[in-house]
C-alpha cells in the first residue's frame, strides 16, 4: 500500500475531545504521526489577567471539566502562598477530600474509556455506573456533579455536615468492594491483557527523557509524586503510599491507576474520620504582594503547574498554566511510531489526555524526535481535501 | 530520599554562570544571561542530576520578556533559571536538543509571545488557528484584538 | 407441493415476510440481552423497526465522484444473496427446495455480504471506508476456512451434502453438537466473525476508523445494508441450529402433519434463540482484538482444531462403517 | 394538529423519526464537562437507549448534532463541515452556557461566542454543565420541535414566526415530503 495519510479527528468517536492525528501509515503500521491539539485554545491566560482573585476562580474551574478542582486548588494555593496566609486546618482537609474524590472519579472514567477504546463496552458501562456514586457524594458535598466551585482564596465555601459525612462513609463502603472487583476483573480478563500488554511501552530513561508525568511516568518506574515530594494540603499528615510499576506499557498504567484509586479511597476515609473542627475560611486582603510563585499539584493525570506572578494589585500579572497532558504528548508521539492503527486510541487513551487543559501544542513526528510537522493546509492539498467538494470527512 | 539541594552547593556548581538565591524551602532561582542557558542546563542535568523539565514560563513584564526554565530531579528541589530578553529582538538558542519536551513549550511561547528560538527543529504555528495573522502575538501586554483584522472562523451568514 | 403452496412457503410463512419480522425480533433480542447484561434497560420492542423506517426515509447523500448506481445496487445484491440462502435452511421440516449440495450454496451465499461490504468501502472513496473494506476482507480469509470445515464435517458423517438430509440423519441418530463438540464451537466462533460482532468487529471498529465501510452509507442504502446483516444473523443461526442441533425434526415421528409443522417450528425458534443467547453473551463479554492477533488466533487455533475434528470424523466413519 | 393530510407512508416515516433519534456529539473547544455529562446519559443510570437514542460516530448516520463548548475559531470551520455532512432532517442542540453565548469564555480572543455564530441552532440547554436529565429533556424538546416541523413540512414556518434569517445551509426541500 503506498503511503497513506489518515486524518483521525478532530471529530472522532474514539476521542472524547478534539485532537487531530495526521497519520502516515504503511499497511497497518504507523510510519510517522503528527498530533495537532490546538482546537480547544480559548485564551484563558489572557482572560485571567483581567479578572480579580474572586472572579478568576470560576474561570479556572472551567479550564477542564474532569480536573476542575485541580486547577482551582493550584491557583488558590499559589495566591495564598503569595499573600503568606495560613488557611484553617479544616479547609485543608475538605480540599484534600474533594481532590481525592476527583482523582477517583477521573480514574474510573479513564478505565471505562480505555475499555471502550477496545470495544469492551460492558466494563465501560459498569465503571461509569459506579462513578455515579462518586458523583452523588460530590454533589452532596459541593452542590454540583462536575464543576464544583468549592474553592476560594482563603479557604472553602461550603462546610461538611455530620449527615453528609455519614452518607459518604456508606458510599465509600460500596465503592471499596467495587474497586476490588474491578481490580480482579481487569487482572484476570484476557481481552484487556491482549490489547494492553506491550503497547506503547517505554523504559524509565525514555520516560524521563521525554518528560512524562503522573501515572504514565509512574508506570515506567519514575518515582515522582508532588503530593509526597512537595507536600501541600493535608497530604503530609495522611498515611498513604505512591504506587509505581515497572511494566511501562498501557497495562502498567492501568495497574497504577487501579492502585491509586484504592489509595485515594483510604485518604478520603482517613480525612473524613479525623476532620478537625474550626472555621473553614479566613478573611483575605484584596491585593497580593509582588511575588513569583510556582504552584505544583498532583492532578489525576500528572503534575499540574501554575506559574503565578503578582504585582501588588488585585489581579494576576501573569498566569502560565502547564497541564499534565501537555507533558505527556511527546511520549505519545514517540511511542506511537511503528505500532498499529488499532492501537492509536488505546495508547492515546492511556495517558488519559485532557485536551481542554492542553490546547497548546503540536508535537514532532516520530523519526528520532525531529519535528517535521504537516499543518492542516498541507493535508488539505495532499490528503482528504480533494476527493469531494468540501464534504470530506474532516 | 536524597536531601534537598542546599543553596551553597548550587552556588558552587554555578559559580561562573549566574547568581543563585533561595526563594522558598523547595525552590532556588538562578539569574543568568541568554547565552549561558544551554551550558547552565547541561550542568544542571549532569552534575545536579535534574532530569525532569517541569516547564518553561514566559512573562511579558511591560519592558522586557522573561523566560524561566524550571527543573527538578530525584533531590525533589526545583531550580528556576531566569533570563531576560530585550523587547525589540527577543532571541534565544533552543534547548530542545538537551531536553526534548522543551521543544513543545518553546513552540507555544513562540506562538503566544513571538520569542524566536534559534536552532529549533520546527517552529511552525501550533496553538492559534490557521488564519491567525502571523505578526500578532496575543499574550503581549500591548496587544489588543482589533475588530478589522480577520482572525479565522466562519460566520453563519458567510457560506 | 403444488405451485400455490410453494409460493406461500417462499413468500409468506417460513419465507421472506417471516424472515424480515424475525430478523427485527432477533436484533431487538440481541440489543435487549446486551443491555440487560450491562445493567441497562435496553431498547423498546419496536426499536429495530423504527430504526429501519427512519433510515429508509433519510436523505441520501452521495459524496463527490461516487458511482451512485453501484452504491445503490450493492446492498440489494447482498440482500438477495442472504434471502436465497435462507430458503435452503429447514424451518418447519425438510425444506421443499432441498437438493444435493445446498449446504455449499448456502455457505457461499452467506459470504457475499462481506464482499459487498468491501465493494461499498471501495466505492465510497473515503479513507476510513476503504480501510474498513480491506479489513473486512482480510478478516474473511481468516475465519472462512475454519467455519467451512466445521460445517462440512457433519456432512461427511451424514454422508450427504444437503442440509435437510443432515437434519433427517440427526433425527435417527444423535445431534452433531454432541458427536462433534469442537465443530460446534468453531461454527459459533465463525458465525460471530461472519456477522462482525464484537470480538471480531474489526472492520467497523467504531473507535478506530469511524464506522468502517458503513461511513458513507446514508438513507436507504444504510437501512438495506443493516437489514441484510440482520437477515444474515437469522440465516446463520438457523444454519448452525439445523446442522448441529438437529433443526426442526423430533426423534419420534408425529402422525398428524399440521402438528409436526407446529412442533418443528417451535423447536426451530427455541434453537435459534439459544444460539442467539450464546452470540450475545460472547458479544458482551469480550473486547475487540486487533487484526494481526485475529490472524494468529484464526490460523493457529481455529484451523488446526477444525483439522483435528475432521480427523476424528474420518476415524468414526471408518469404525462406524467397519463395525 | 391539522387534519391529517399526509399520506400513510409519511405518517409512518414521521413516527419512525420520532422513535429513533440518532445523536452525534461534537466538542467545539469545550472544557469537556458537557461531554462527560452527555456520555453519562448513555450510561446505565440515565440510559437513553430506552428512548431509542443511539450515539453514532459518523455525522452521516446522525439526526441530532449536540455541540458542546464555545465555538473556538479553529473549530468553527470543522463544525460547519460536520453540520453540512449530516443528512436532512437534521437538528442542532447547543449545550450549556458556552453553547448559548460562550459562557465564562465570552469575548476571549480565540472564541466565537456560542454555536449560533456558525450554524443555525434549534434547541439550547441551560446549565454549566447541564445535568444528564436536562440533556434528555433537551432531546425530548427537540423531538417535539421535529414533530411540529414534520407536521408543517420543514423548518420555514419557525423562521417566519421568529423572523430570523432562514438557514442558509442546504434547505430542507430535499426531505421526501
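To keep things simple, chains are lettered A, B, C and D as they appear, and every chain counts its residues starting from 1.
As a convention for this text, a residue touches a chain if its C-beta (ideal position, glycine included) is under 8 Å from a C-beta of that chain, and two chains touch if they have at least 3 such contacts.
It should be emphasised that the depicted structure is a prediction, and the values quoted were computed from it without experimental measurement.
Comparing mean CA positions across the assembly, the chain most remote from chain C is B.
At the centre of the protein atoms shown, by the Cα-centroid criterion, sits A. Across the two candidate interfaces, B-D and A-D, the one carrying more C-beta contacts is A-D. Computed from the mean C-alpha positions, the centre of chain B lies at a distance of 43 Å from the centre of chain D. Measuring from the averaged C-alpha position of chain A to that of chain D gives a distance of 29 Å. The distance from the centre of chain A to the centre of chain B, each centre being the mean of the chain's C-alpha atoms, comes to 23 Å. Between the CA-based centres of chain C and chain D the separation comes to 37 Å, rounded to the whole angstrom. Within chain A, contacts with two or more other chains are made by residues 12-13, 38, 41, 43, 46, 125-126, 129, 359, 391-393. Residue positions of chain D touching 2 or more other chains: 44, 57-58, 72, 74, 85, 109-110. Residues of chain C in contact with at least two other chains: 38-40, 61, 206-207, 210, 215. In summary, the structure contains touching chain pairs A-B, A-C, A-D, B-D, C-D. In the complex of the two chains, the chain D residues touching chain A come out as 26-37, 39-40, 43-45, 55, 57-59, 69-70, 72, 74-75, 78, 81-82, 84-85, 103-105, 108-111, 128-129, 131. Taken in their complex, chain A has these residues touching chain B: 36-38, 41, 43, 45-46, 81, 208-211, 223-224, 229-230, 292, 294, 296, 303, 305, 307, 309, 317-318, 320, 322, 326-327, 329-330, 359-364, 369-373, 375-377.
The touching residues of chain C, when paired with chain D in their complex, are 31, 35, 38-44, 46-47, 49-61, 206-207, 210-211, 214-219, 222.
The residues of chain C lying in touch with chain A in their complex are 37-40, 61, 63-66, 125-128, 131, 198-199, 201-202, 205-210, 215, 284-293.
Those residues of chain D lying in contact with chain B across their complex are 71-74, 76-77, 80, 109-110, 112, 116-120, 165, 168-169.
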